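Notes follow once the structure below has been shown.
Naming follows writing order (A, B, C, D, E, F and G), and every chain is counted from residue 1.
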Amino acid sequence: MGNGIERPLDLLNASKGKEVIIQLKNDKQFVGILKAFDIHINVVLDNTKEMINGEVKKSFGLTFLRGDTIIFISPSST
Amino acid sequence: MGNGIERPLDLLNASKGKEVIIQLKNDKQFVGILKAFDIHINVVLDNTKEMINGEVKKSFGLTFLRGDTIIFISPSST
Amino acid sequence: MGNGIERPLDLLNASKGKEVIIQLKNDKQFVGILKAFDIHINVVLDNTKEMINGEVKKSFGLTFLRGDTIIFISPSST
Amino acid sequence: MGNGIERPLDLLNASKGKEVIIQLKNDKQFVGILKAFDIHINVVLDNTKEMINGEVKKSFGLTFLRGDTIIFISPSST
Amino acid sequence: MGNGIERPLDLLNASKGKEVIIQLKNDKQFVGILKAFDIHINVVLDNTKEMINGEVKKSFGLTFLRGDTIIFISPSST
Amino acid sequence: MGNGIERPLDLLNASKGKEVIIQLKNDKQFVGILKAFDIHINVVLDNTKEMINGEVKKSFGLTFLRGDTIIFISPSST
Amino acid sequence: MGNGIERPLDLLNASKGKEVIIQLKNDKQFVGILKAFDIHINVVLDNTKEMINGEVKKSFGLTFLRGDTIIFISPSST
(Lines give C-alpha, C1' and ligand atoms only; values in the text may rest on other atoms or scores of the structure.)
Protein backbone atom coordinates (compact mmCIF):
# COMPACT_ATOMS: atom_id res chain seq x y z
CA MET A 1 0.00 0.00 0.00
CA GLY A 2 3.00 2.29 0.45
CA ASN A 3 3.62 2.45 -3.26
CA GLY A 4 2.00 5.11 -5.33
CA ILE A 5 1.74 7.61 -2.48
CA GLU A 6 2.90 10.85 -3.99
CA ARG A 7 0.92 13.22 -1.77
CA PRO A 8 -0.35 12.80 1.83
CA LEU A 9 -3.99 12.58 0.76
CA ASP A 10 -3.13 9.57 -1.43
CA LEU A 11 -2.87 7.51 1.77
CA LEU A 12 -6.32 8.58 2.87
CA ASN A 13 -7.68 7.79 -0.58
CA ALA A 14 -6.13 4.32 -0.50
CA SER A 15 -7.67 3.77 2.96
CA LYS A 16 -11.29 4.38 1.92
CA GLY A 17 -13.48 1.45 2.91
CA LYS A 18 -10.84 0.18 5.34
CA GLU A 19 -10.44 0.44 9.09
CA VAL A 20 -8.32 3.37 10.33
CA ILE A 21 -7.14 4.62 13.71
CA ILE A 22 -7.54 8.37 14.26
CA GLN A 23 -5.73 10.09 17.11
CA LEU A 24 -7.35 13.31 18.32
CA LYS A 25 -5.68 16.22 20.15
CA ASN A 26 -7.69 15.50 23.32
CA ASP A 27 -6.01 12.08 23.84
CA LYS A 28 -8.95 10.15 22.44
CA GLN A 29 -8.73 7.70 19.58
CA PHE A 30 -11.43 6.79 17.09
CA VAL A 31 -11.39 3.52 15.17
CA GLY A 32 -13.75 2.96 12.24
CA ILE A 33 -14.18 2.41 8.52
CA LEU A 34 -13.05 5.47 6.54
CA LYS A 35 -15.98 6.54 4.37
CA ALA A 36 -14.96 10.02 3.23
CA PHE A 37 -12.50 12.88 3.76
CA ASP A 38 -11.83 16.33 2.35
CA ILE A 39 -8.87 18.72 2.05
CA HIS A 40 -9.50 20.05 5.57
CA ILE A 41 -9.04 16.43 6.75
CA ASN A 42 -12.66 16.40 7.91
CA VAL A 43 -13.52 12.69 7.84
CA VAL A 44 -16.52 10.39 8.10
CA LEU A 45 -16.09 7.03 9.83
CA ASP A 46 -18.58 4.16 9.99
CA ASN A 47 -18.82 1.57 12.80
CA THR A 48 -16.99 4.11 14.94
CA LYS A 49 -15.50 3.23 18.30
CA GLU A 50 -14.17 5.87 20.69
CA MET A 51 -11.19 4.48 22.59
CA ILE A 52 -9.18 5.69 25.57
CA ASN A 53 -5.98 3.82 26.44
CA GLY A 54 -6.93 0.93 24.18
CA GLU A 55 -10.40 0.38 25.65
CA VAL A 56 -13.66 0.94 23.79
CA LYS A 57 -15.53 3.70 25.63
CA LYS A 58 -18.42 4.30 23.24
CA SER A 59 -19.73 3.06 19.93
CA PHE A 60 -21.22 5.26 17.25
CA GLY A 61 -22.42 4.51 13.78
CA LEU A 62 -21.52 7.09 11.21
CA THR A 63 -19.48 9.95 12.64
CA PHE A 64 -18.22 13.23 11.18
CA LEU A 65 -14.84 14.26 12.68
CA ARG A 66 -13.65 17.84 12.23
CA GLY A 67 -10.17 17.92 10.71
CA ASP A 68 -8.57 20.45 13.04
CA THR A 69 -8.88 18.08 16.01
CA ILE A 70 -6.90 15.29 14.31
CA ILE A 71 -3.23 14.47 15.00
CA PHE A 72 -2.81 11.37 12.85
CA ILE A 73 -4.69 8.79 10.78
CA SER A 74 -3.29 5.31 10.26
CA PRO A 75 -4.82 2.33 8.45
CA SER A 76 -5.16 -0.54 10.92
CA SER A 77 -3.35 -3.06 8.75
CA THR A 78 -0.46 -1.85 6.63
CA MET B 1 -27.42 5.78 5.56
CA GLY B 2 -23.73 4.99 5.03
CA ASN B 3 -24.22 4.61 1.31
CA GLY B 4 -23.85 7.57 -0.97
CA ILE B 5 -21.44 9.40 1.33
CA GLU B 6 -18.74 10.66 -1.02
CA ARG B 7 -17.69 13.72 0.98
CA PRO B 8 -17.83 14.39 4.75
CA LEU B 9 -20.57 17.01 4.39
CA ASP B 10 -22.80 14.37 2.75
CA LEU B 11 -23.29 12.84 6.21
CA LEU B 12 -24.39 16.17 7.65
CA ASN B 13 -26.73 16.66 4.72
CA ALA B 14 -28.26 13.21 5.25
CA SER B 15 -28.71 14.04 8.95
CA LYS B 16 -30.82 17.16 8.46
CA GLY B 17 -34.07 16.92 10.39
CA LYS B 18 -32.69 14.09 12.53
CA GLU B 19 -31.24 13.97 16.02
CA VAL B 20 -27.45 14.28 16.25
CA ILE B 21 -24.87 14.22 19.05
CA ILE B 22 -22.26 16.98 18.87
CA GLN B 23 -19.09 16.74 20.96
CA LEU B 24 -17.44 20.08 21.75
CA LYS B 25 -13.78 20.73 22.62
CA ASN B 26 -14.73 21.78 26.17
CA ASP B 27 -16.01 18.28 27.09
CA LYS B 28 -19.66 19.23 26.64
CA GLN B 29 -22.07 17.46 24.34
CA PHE B 30 -25.10 18.90 22.60
CA VAL B 31 -27.97 16.73 21.41
CA GLY B 32 -30.64 18.13 19.12
CA ILE B 33 -32.32 18.08 15.71
CA LEU B 34 -29.91 19.22 12.98
CA LYS B 35 -31.57 22.13 11.19
CA ALA B 36 -28.69 23.63 9.19
CA PHE B 37 -24.90 23.64 8.69
CA ASP B 38 -22.34 25.40 6.51
CA ILE B 39 -18.83 24.70 5.23
CA HIS B 40 -17.29 26.07 8.45
CA ILE B 41 -19.34 23.36 10.25
CA ASN B 42 -21.32 26.08 11.99
CA VAL B 43 -24.60 24.30 12.82
CA VAL B 44 -28.10 25.07 14.07
CA LEU B 45 -29.81 22.57 16.35
CA ASP B 46 -33.43 22.56 17.52
CA ASN B 47 -34.73 21.06 20.79
CA THR B 48 -31.14 21.34 22.03
CA LYS B 49 -29.94 19.65 25.20
CA GLU B 50 -26.53 20.38 26.74
CA MET B 51 -25.16 17.22 28.32
CA ILE B 52 -22.22 16.51 30.60
CA ASN B 53 -21.33 12.87 31.28
CA GLY B 54 -24.64 11.69 29.84
CA GLU B 55 -26.84 13.97 31.99
CA VAL B 56 -28.97 16.80 30.62
CA LYS B 57 -27.64 20.03 32.15
CA LYS B 58 -29.68 22.58 30.25
CA SER B 59 -32.29 22.76 27.53
CA PHE B 60 -32.36 25.30 24.75
CA GLY B 61 -34.59 25.71 21.77
CA LEU B 62 -32.82 26.70 18.59
CA THR B 63 -29.06 27.04 19.04
CA PHE B 64 -26.28 28.23 16.75
CA LEU B 65 -23.00 26.34 17.41
CA ARG B 66 -19.74 27.78 16.03
CA GLY B 67 -17.90 25.19 13.96
CA ASP B 68 -14.43 25.64 15.40
CA THR B 69 -15.56 24.34 18.80
CA ILE B 70 -16.79 21.02 17.40
CA ILE B 71 -14.89 17.71 17.60
CA PHE B 72 -17.46 15.36 16.09
CA ILE B 73 -21.08 15.09 14.95
CA SER B 74 -22.88 11.74 14.92
CA PRO B 75 -26.50 10.96 14.05
CA SER B 76 -28.15 9.35 17.08
CA SER B 77 -29.42 6.32 15.20
CA THR B 78 -27.28 4.89 12.42
CA MET C 1 -39.00 30.29 14.45
CA GLY C 2 -37.40 26.99 13.46
CA ASN C 3 -38.98 27.10 10.04
CA GLY C 4 -37.19 28.73 7.18
CA ILE C 5 -33.72 28.13 8.59
CA GLU C 6 -31.74 26.90 5.62
CA ARG C 7 -28.31 28.10 6.74
CA PRO C 8 -26.89 28.66 10.25
CA LEU C 9 -26.81 32.45 9.84
CA ASP C 10 -30.58 32.41 9.17
CA LEU C 11 -31.09 31.78 12.91
CA LEU C 12 -28.96 34.80 13.81
CA ASN C 13 -30.85 36.89 11.28
CA ALA C 14 -34.20 35.79 12.76
CA SER C 15 -32.89 36.68 16.24
CA LYS C 16 -32.07 40.33 15.48
CA GLY C 17 -33.78 42.63 17.95
CA LYS C 18 -34.39 39.75 20.35
CA GLU C 19 -32.63 38.58 23.49
CA VAL C 20 -29.95 35.92 23.00
CA ILE C 21 -27.65 33.94 25.27
CA ILE C 22 -24.02 33.75 24.09
CA GLN C 23 -21.64 31.21 25.60
CA LEU C 24 -17.95 32.14 25.40
CA LYS C 25 -14.95 29.79 25.46
CA ASN C 26 -13.82 31.20 28.83
CA ASP C 27 -16.95 29.89 30.65
CA LYS C 28 -18.66 33.27 30.65
CA GLN C 29 -22.10 33.93 29.22
CA PHE C 30 -23.42 37.17 27.78
CA VAL C 31 -27.13 37.92 27.57
CA GLY C 32 -28.40 40.86 25.52
CA ILE C 33 -30.39 42.09 22.56
CA LEU C 34 -28.78 41.00 19.27
CA LYS C 35 -28.17 44.15 17.23
CA ALA C 36 -25.81 42.94 14.50
CA PHE C 37 -23.55 40.06 13.36
CA ASP C 38 -21.24 39.28 10.46
CA ILE C 39 -19.88 36.15 8.76
CA HIS C 40 -17.05 35.89 11.31
CA ILE C 41 -19.84 35.68 13.96
CA ASN C 42 -18.63 38.96 15.42
CA VAL C 43 -21.76 40.28 17.15
CA VAL C 44 -23.07 43.43 18.81
CA LEU C 45 -25.38 43.11 21.81
CA ASP C 46 -27.34 45.85 23.56
CA ASN C 47 -28.38 45.86 27.24
CA THR C 48 -25.59 43.34 27.76
CA LYS C 49 -25.22 41.32 30.95
CA GLU C 50 -22.13 39.23 31.71
CA MET C 51 -23.16 36.13 33.63
CA ILE C 52 -21.21 33.44 35.48
CA ASN C 53 -23.14 30.39 36.73
CA GLY C 54 -26.45 32.13 36.12
CA GLU C 55 -25.60 35.27 38.12
CA VAL C 56 -25.25 38.74 36.59
CA LYS C 57 -21.64 39.85 37.19
CA LYS C 58 -21.57 43.06 35.18
CA SER C 59 -23.82 45.14 32.98
CA PHE C 60 -22.74 46.84 29.79
CA GLY C 61 -24.66 48.79 27.22
CA LEU C 62 -23.65 48.09 23.64
CA THR C 63 -20.91 45.47 23.36
CA PHE C 64 -18.91 44.13 20.43
CA LEU C 65 -18.05 40.41 20.88
CA ARG C 66 -15.31 38.89 18.69
CA GLY C 67 -16.59 35.80 16.91
CA ASP C 68 -13.70 33.47 17.63
CA THR C 69 -14.44 33.49 21.36
CA ILE C 70 -18.03 32.25 20.90
CA ILE C 71 -19.18 28.65 21.44
CA PHE C 72 -22.92 29.05 20.92
CA ILE C 73 -25.71 31.61 20.50
CA SER C 74 -29.29 30.79 21.45
CA PRO C 75 -32.39 33.01 21.40
CA SER C 76 -33.78 33.21 24.94
CA SER C 77 -37.29 32.21 23.95
CA THR C 78 -37.75 29.71 21.16
CA MET D 1 -26.02 55.12 19.99
CA GLY D 2 -27.70 51.76 19.44
CA ASN D 3 -29.54 53.00 16.39
CA GLY D 4 -27.98 52.71 12.99
CA ILE D 5 -25.85 49.68 13.87
CA GLU D 6 -26.29 47.37 10.92
CA ARG D 7 -22.96 45.56 11.16
CA PRO D 8 -20.72 44.86 14.18
CA LEU D 9 -18.01 47.27 13.00
CA ASP D 10 -20.58 50.10 13.01
CA LEU D 11 -20.36 50.08 16.82
CA LEU D 12 -16.59 50.45 16.71
CA ASN D 13 -16.94 53.24 14.18
CA ALA D 14 -19.45 55.06 16.41
CA SER D 15 -17.04 54.65 19.35
CA LYS D 16 -14.07 56.41 17.74
CA GLY D 17 -12.81 59.22 19.94
CA LYS D 18 -14.66 57.80 22.95
CA GLU D 19 -13.57 55.71 25.91
CA VAL D 20 -13.94 51.94 25.51
CA ILE D 21 -13.32 48.91 27.72
CA ILE D 22 -11.49 46.04 25.99
CA GLN D 23 -11.44 42.59 27.55
CA LEU D 24 -8.49 40.41 26.53
CA LYS D 25 -8.31 36.59 26.55
CA ASN D 26 -5.66 36.67 29.32
CA ASP D 27 -8.10 38.19 31.88
CA LYS D 28 -6.71 41.70 31.49
CA GLN D 29 -8.77 44.71 30.56
CA PHE D 30 -7.64 47.83 28.74
CA VAL D 31 -9.48 51.13 29.03
CA GLY D 32 -8.68 54.01 26.68
CA ILE D 33 -9.85 56.31 23.90
CA LEU D 34 -10.50 54.37 20.69
CA LYS D 35 -8.37 55.97 17.97
CA ALA D 36 -8.49 53.38 15.18
CA PHE D 37 -9.45 49.80 14.29
CA ASP D 38 -9.35 47.53 11.25
CA ILE D 39 -11.22 44.44 10.01
CA HIS D 40 -8.94 42.14 12.04
CA ILE D 41 -10.16 44.11 15.11
CA ASN D 42 -6.60 45.35 15.65
CA VAL D 43 -7.15 48.59 17.59
CA VAL D 44 -5.23 51.64 18.76
CA LEU D 45 -6.13 53.19 22.12
CA ASP D 46 -4.89 56.48 23.59
CA ASN D 47 -4.56 57.26 27.32
CA THR D 48 -4.50 53.50 27.85
CA LYS D 49 -4.89 51.92 31.27
CA GLU D 50 -4.27 48.21 31.89
CA MET D 51 -6.65 46.96 34.55
CA ILE D 52 -6.89 43.74 36.54
CA ASN D 53 -9.99 43.21 38.69
CA GLY D 54 -10.97 46.86 38.34
CA GLU D 55 -7.62 48.28 39.47
CA VAL D 56 -5.28 50.27 37.23
CA LYS D 57 -2.05 48.26 36.96
CA LYS D 58 -0.19 50.30 34.35
CA SER D 59 -0.68 53.36 32.19
CA PHE D 60 0.38 53.64 28.59
CA GLY D 61 -0.08 56.36 26.05
CA LEU D 62 -0.93 55.14 22.58
CA THR D 63 -1.19 51.35 22.37
CA PHE D 64 -1.68 48.95 19.47
CA LEU D 65 -3.72 45.88 20.50
CA ARG D 66 -3.69 42.81 18.24
CA GLY D 67 -7.24 41.75 17.37
CA ASP D 68 -6.91 38.03 18.03
CA THR D 69 -6.37 38.63 21.76
CA ILE D 70 -9.66 40.52 22.18
CA ILE D 71 -12.87 39.05 23.63
CA PHE D 72 -15.07 42.13 23.69
CA ILE D 73 -15.08 45.91 23.25
CA SER D 74 -17.68 48.09 24.95
CA PRO D 75 -18.03 51.87 24.98
CA SER D 76 -17.80 53.08 28.59
CA SER D 77 -21.01 55.10 28.47
CA THR D 78 -23.88 53.77 26.42
CA MET E 1 1.73 61.50 18.02
CA GLY E 2 -1.94 60.58 18.46
CA ASN E 3 -3.01 62.78 15.59
CA GLY E 4 -3.13 61.40 12.10
CA ILE E 5 -3.76 57.82 13.21
CA GLU E 6 -6.51 56.64 10.92
CA ARG E 7 -5.66 52.93 10.93
CA PRO E 8 -3.96 50.78 13.60
CA LEU E 9 -0.81 50.31 11.52
CA ASP E 10 -0.37 54.10 11.40
CA LEU E 11 0.78 53.94 15.04
CA LEU E 12 3.40 51.31 14.20
CA ASN E 13 4.54 53.40 11.26
CA ALA E 14 4.87 56.50 13.46
CA SER E 15 6.87 54.41 15.96
CA LYS E 16 9.60 53.30 13.53
CA GLY E 17 13.02 54.21 14.86
CA LYS E 18 11.64 54.69 18.37
CA GLU E 19 11.60 52.50 21.47
CA VAL E 20 8.51 50.32 21.93
CA ILE E 21 7.27 47.88 24.55
CA ILE E 22 5.89 44.62 23.16
CA GLN E 23 3.81 42.32 25.36
CA LEU E 24 3.80 38.66 24.31
CA LYS E 25 1.17 36.02 25.06
CA ASN E 26 3.62 34.08 27.26
CA ASP E 27 3.87 36.91 29.84
CA LYS E 28 7.20 38.16 28.51
CA GLN E 29 7.86 41.70 27.36
CA PHE E 30 10.35 42.87 24.76
CA VAL E 31 11.67 46.43 24.69
CA GLY E 32 13.64 47.69 21.71
CA ILE E 33 13.84 50.08 18.77
CA LEU E 34 11.16 49.29 16.17
CA LYS E 35 12.93 48.73 12.87
CA ALA E 36 10.24 47.11 10.71
CA PHE E 37 6.77 45.50 10.76
CA ASP E 38 4.37 43.93 8.28
CA ILE E 39 0.61 43.32 8.04
CA HIS E 40 0.91 40.09 10.07
CA ILE E 41 2.41 42.32 12.84
CA ASN E 42 5.70 40.45 12.48
CA VAL E 43 8.23 42.98 13.79
CA VAL E 44 11.98 43.52 13.96
CA LEU E 45 13.43 45.21 17.05
CA ASP E 46 16.99 46.45 17.58
CA ASN E 47 18.78 46.71 20.96
CA THR E 48 16.21 44.21 22.21
CA LYS E 49 15.75 43.48 25.90
CA GLU E 50 13.60 40.58 27.14
CA MET E 51 11.89 41.57 30.38
CA ILE E 52 9.92 39.64 32.99
CA ASN E 53 8.15 41.64 35.71
CA GLY E 54 10.10 44.77 34.81
CA GLU E 55 13.56 43.16 35.02
CA VAL E 56 15.89 42.70 32.06
CA LYS E 57 16.39 38.93 31.64
CA LYS E 58 18.35 38.87 28.38
CA SER E 59 19.70 41.23 25.76
CA PHE E 60 19.60 40.61 22.05
CA GLY E 61 20.62 42.73 19.13
CA LEU E 62 18.26 42.56 16.17
CA THR E 63 15.28 40.28 16.80
CA PHE E 64 12.45 39.08 14.58
CA LEU E 65 9.20 38.61 16.55
CA ARG E 66 6.37 36.58 15.00
CA GLY E 67 3.13 38.56 14.99
CA ASP E 68 0.81 35.89 16.32
CA THR E 69 2.57 35.88 19.71
CA ILE E 70 2.00 39.60 20.29
CA ILE E 71 -0.72 41.07 22.54
CA PHE E 72 0.17 44.75 22.36
CA ILE E 73 2.79 47.23 21.16
CA SER E 74 3.20 50.63 22.81
CA PRO E 75 5.74 53.36 22.12
CA SER E 76 7.72 53.99 25.32
CA SER E 77 7.10 57.74 25.34
CA THR E 78 3.78 59.03 24.11
CA MET F 1 22.61 17.32 2.00
CA GLY F 2 22.69 20.91 3.25
CA ASN F 3 23.60 22.24 -0.16
CA GLY F 4 20.92 23.24 -2.58
CA ILE F 5 18.38 24.09 0.11
CA GLU F 6 16.90 27.37 -1.04
CA ARG F 7 13.48 27.00 0.58
CA PRO F 8 12.38 25.08 3.69
CA LEU F 9 10.44 22.49 1.69
CA ASP F 10 13.64 21.61 -0.20
CA LEU F 11 14.82 19.79 2.94
CA LEU F 12 11.63 17.75 3.09
CA ASN F 13 11.97 16.96 -0.61
CA ALA F 14 15.57 15.82 -0.12
CA SER F 15 14.41 13.62 2.79
CA LYS F 16 11.85 11.59 0.83
CA GLY F 17 12.51 7.88 1.17
CA LYS F 18 14.72 8.47 4.22
CA GLU F 19 14.13 8.17 7.94
CA VAL F 20 13.04 11.36 9.71
CA ILE F 21 12.25 12.35 13.29
CA ILE F 22 9.07 14.38 13.72
CA GLN F 23 8.40 16.25 16.97
CA LEU F 24 4.73 16.92 17.71
CA LYS F 25 3.26 19.67 19.93
CA ASN F 26 1.99 17.08 22.45
CA ASP F 27 5.56 15.97 23.38
CA LYS F 28 5.41 12.85 21.24
CA GLN F 29 7.90 12.00 18.53
CA PHE F 30 7.31 9.94 15.40
CA VAL F 31 10.15 8.22 13.55
CA GLY F 32 9.58 6.75 10.10
CA ILE F 33 10.38 6.85 6.40
CA LEU F 34 9.12 10.07 4.79
CA LYS F 35 6.85 9.08 1.93
CA ALA F 36 5.05 12.33 1.10
CA PHE F 37 4.34 15.89 2.30
CA ASP F 38 2.38 18.92 1.12
CA ILE F 39 2.49 22.69 1.64
CA HIS F 40 0.47 22.39 4.87
CA ILE F 41 3.30 20.11 6.11
CA ASN F 42 0.84 17.22 6.26
CA VAL F 43 3.14 14.19 5.94
CA VAL F 44 2.92 10.44 5.39
CA LEU F 45 5.44 8.20 7.16
CA ASP F 46 6.03 4.48 6.63
CA ASN F 47 7.35 2.04 9.26
CA THR F 48 6.21 4.59 11.82
CA LYS F 49 7.23 4.41 15.47
CA GLU F 50 5.65 6.61 18.14
CA MET F 51 8.26 7.48 20.76
CA ILE F 52 8.09 9.12 24.18
CA ASN F 53 11.38 10.05 25.87
CA GLY F 54 13.36 7.94 23.41
CA GLU F 55 11.34 4.73 23.90
CA VAL F 56 9.18 3.12 21.23
CA LYS F 57 5.59 3.19 22.52
CA LYS F 58 3.72 1.95 19.45
CA SER F 59 4.40 0.87 15.89
CA PHE F 60 2.28 1.78 12.92
CA GLY F 61 2.69 1.12 9.25
CA LEU F 62 1.75 4.01 7.01
CA THR F 63 0.61 7.07 8.96
CA PHE F 64 -0.83 10.42 7.90
CA LEU F 65 0.27 13.24 10.25
CA ARG F 66 -1.62 16.55 10.16
CA GLY F 67 0.77 19.46 9.64
CA ASP F 68 -0.53 21.79 12.31
CA THR F 69 0.56 19.40 15.09
CA ILE F 70 4.21 19.37 13.97
CA ILE F 71 7.02 21.36 15.62
CA PHE F 72 10.02 20.08 13.66
CA ILE F 73 11.15 17.45 11.15
CA SER F 74 14.75 16.31 11.00
CA PRO F 75 16.35 13.63 8.83
CA SER F 76 17.88 10.99 11.12
CA SER F 77 21.31 11.11 9.50
CA THR F 78 22.58 14.43 8.24
CA MET G 1 23.36 44.71 10.02
CA GLY G 2 20.49 46.87 11.29
CA ASN G 3 20.64 49.10 8.25
CA GLY G 4 18.62 48.28 5.20
CA ILE G 5 15.92 46.43 7.11
CA GLU G 6 12.69 47.73 5.61
CA ARG G 7 10.55 44.67 6.24
CA PRO G 8 10.78 41.99 8.95
CA LEU G 9 11.85 39.29 6.48
CA ASP G 10 14.86 41.44 5.53
CA LEU G 11 16.44 40.47 8.86
CA LEU G 12 15.96 36.78 8.14
CA ASN G 13 17.40 37.27 4.68
CA ALA G 14 20.46 39.05 6.10
CA SER G 15 20.88 36.17 8.59
CA LYS G 16 21.15 33.38 6.01
CA GLY G 17 24.32 31.37 6.50
CA LYS G 18 24.72 32.75 10.04
CA GLU G 19 23.94 31.35 13.47
CA VAL G 20 20.53 32.27 14.89
CA ILE G 21 18.66 31.61 18.13
CA ILE G 22 15.04 30.53 17.70
CA GLN G 23 12.65 30.60 20.65
CA LEU G 24 9.70 28.21 20.39
CA LYS G 25 6.31 28.49 22.12
CA ASN G 26 7.03 25.36 24.20
CA ASP G 27 9.95 27.03 26.06
CA LYS G 28 12.61 25.32 23.94
CA GLN G 29 15.29 27.13 22.00
CA PHE G 30 17.01 26.00 18.83
CA VAL G 31 20.42 27.33 17.80
CA GLY G 32 21.78 26.67 14.33
CA ILE G 33 22.86 28.07 10.96
CA LEU G 34 19.90 29.59 9.10
CA LYS G 35 19.73 27.87 5.71
CA ALA G 36 16.26 28.85 4.45
CA PHE G 37 12.93 30.41 5.43
CA ASP G 38 9.59 31.20 3.77
CA ILE G 39 6.72 33.64 4.31
CA HIS G 40 5.10 31.31 6.88
CA ILE G 41 8.41 31.64 8.83
CA ASN G 42 9.02 27.93 8.30
CA VAL G 43 12.82 27.67 8.60
CA VAL G 44 15.62 25.19 8.01
CA LEU G 45 18.59 25.20 10.38
CA ASP G 46 21.88 23.31 10.02
CA ASN G 47 24.09 22.13 12.91
CA THR G 48 21.00 22.44 15.07
CA LYS G 49 21.15 22.32 18.85
CA GLU G 50 18.01 22.06 21.02
CA MET G 51 18.54 23.99 24.23
CA ILE G 52 16.59 24.23 27.49
CA ASN G 53 17.66 26.88 30.00
CA GLY G 54 20.93 27.46 28.16
CA GLU G 55 22.00 23.79 28.09
CA VAL G 56 22.33 21.72 24.92
CA LYS G 57 19.80 18.88 25.20
CA LYS G 58 20.11 17.34 21.73
CA SER G 59 21.97 17.86 18.50
CA PHE G 60 20.46 17.51 15.07
CA GLY G 61 21.84 18.13 11.64
CA LEU G 62 19.47 19.80 9.23
CA THR G 63 16.09 20.57 10.81
CA PHE G 64 12.83 21.92 9.41
CA LEU G 65 10.98 24.08 11.99
CA ARG G 66 7.30 24.90 11.40
CA GLY G 67 6.70 28.64 11.55
CA ASP G 68 3.65 28.65 13.78
CA THR G 69 5.66 27.33 16.74
CA ILE G 70 8.17 30.19 16.64
CA ILE G 71 8.14 33.20 18.98
CA PHE G 72 11.34 34.96 17.89
CA ILE G 73 14.47 34.58 15.78
CA SER G 74 17.64 36.50 16.61
CA PRO G 75 21.05 36.35 14.94
CA SER G 76 23.61 35.26 17.55
CA SER G 77 25.95 38.18 16.93
CA THR G 78 24.44 41.54 16.08
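The working rule: contacts are C-beta pairs under 8 Å (C-beta built on N, C-alpha and C of every residue); 3 or more make two chains touch, one makes a residue touch a chain.
Just so you know, these numbers come straight off a predicted model, no measurement behind them.
Novice: Hop distance check: chain B to chain G, minimum number of steps through touching chains?
Specialist: Between chain B and chain G, the shortest chain-hopping route counts 3.
Novice: Could you tell me the least number of steps, going only between chains that touch, from chain A to chain F?
Specialist: 1
Novice: Report the inter-chain centroid distance for chain B and chain F in whole angstrom, where each centroid is the mean of the CA atoms.
Specialist: So the centre of chain B lies 35 Å away from the centre of chain F.
Novice: On a C-alpha centroid basis, what's the spacing between chain C and chain D, in Å?
Specialist: Roughly 19 Å, centre to centre.
Novice: So what's the Cα centroid distance for chain C and chain F, whole Å?
Specialist: Chain C and chain F have C-alpha centres separated by 43 Å.
Novice: Taking each residue of chain D in turn, which ones touch at least two of the other chains?
Specialist: Expected reply: 68.
Novice: Under the touch definition up top, go round the ring from chain E by way of chain G and list the chains.
Specialist: E, G, F, A, B, C, D
Novice: Going by the contact rule at the top, pick out the chain F residues touching chain G in the complex.
Specialist: 1-2, 5-12, 21, 25, 41, 67-68, 70-75, 77-78
Novice: Once bound in the complex, which stretches of chain A touch chain B?
Specialist: Its residues touching chain B are 24, 26, 30, 35-38, 42-44, 46, 48, 60-66, 68-69.
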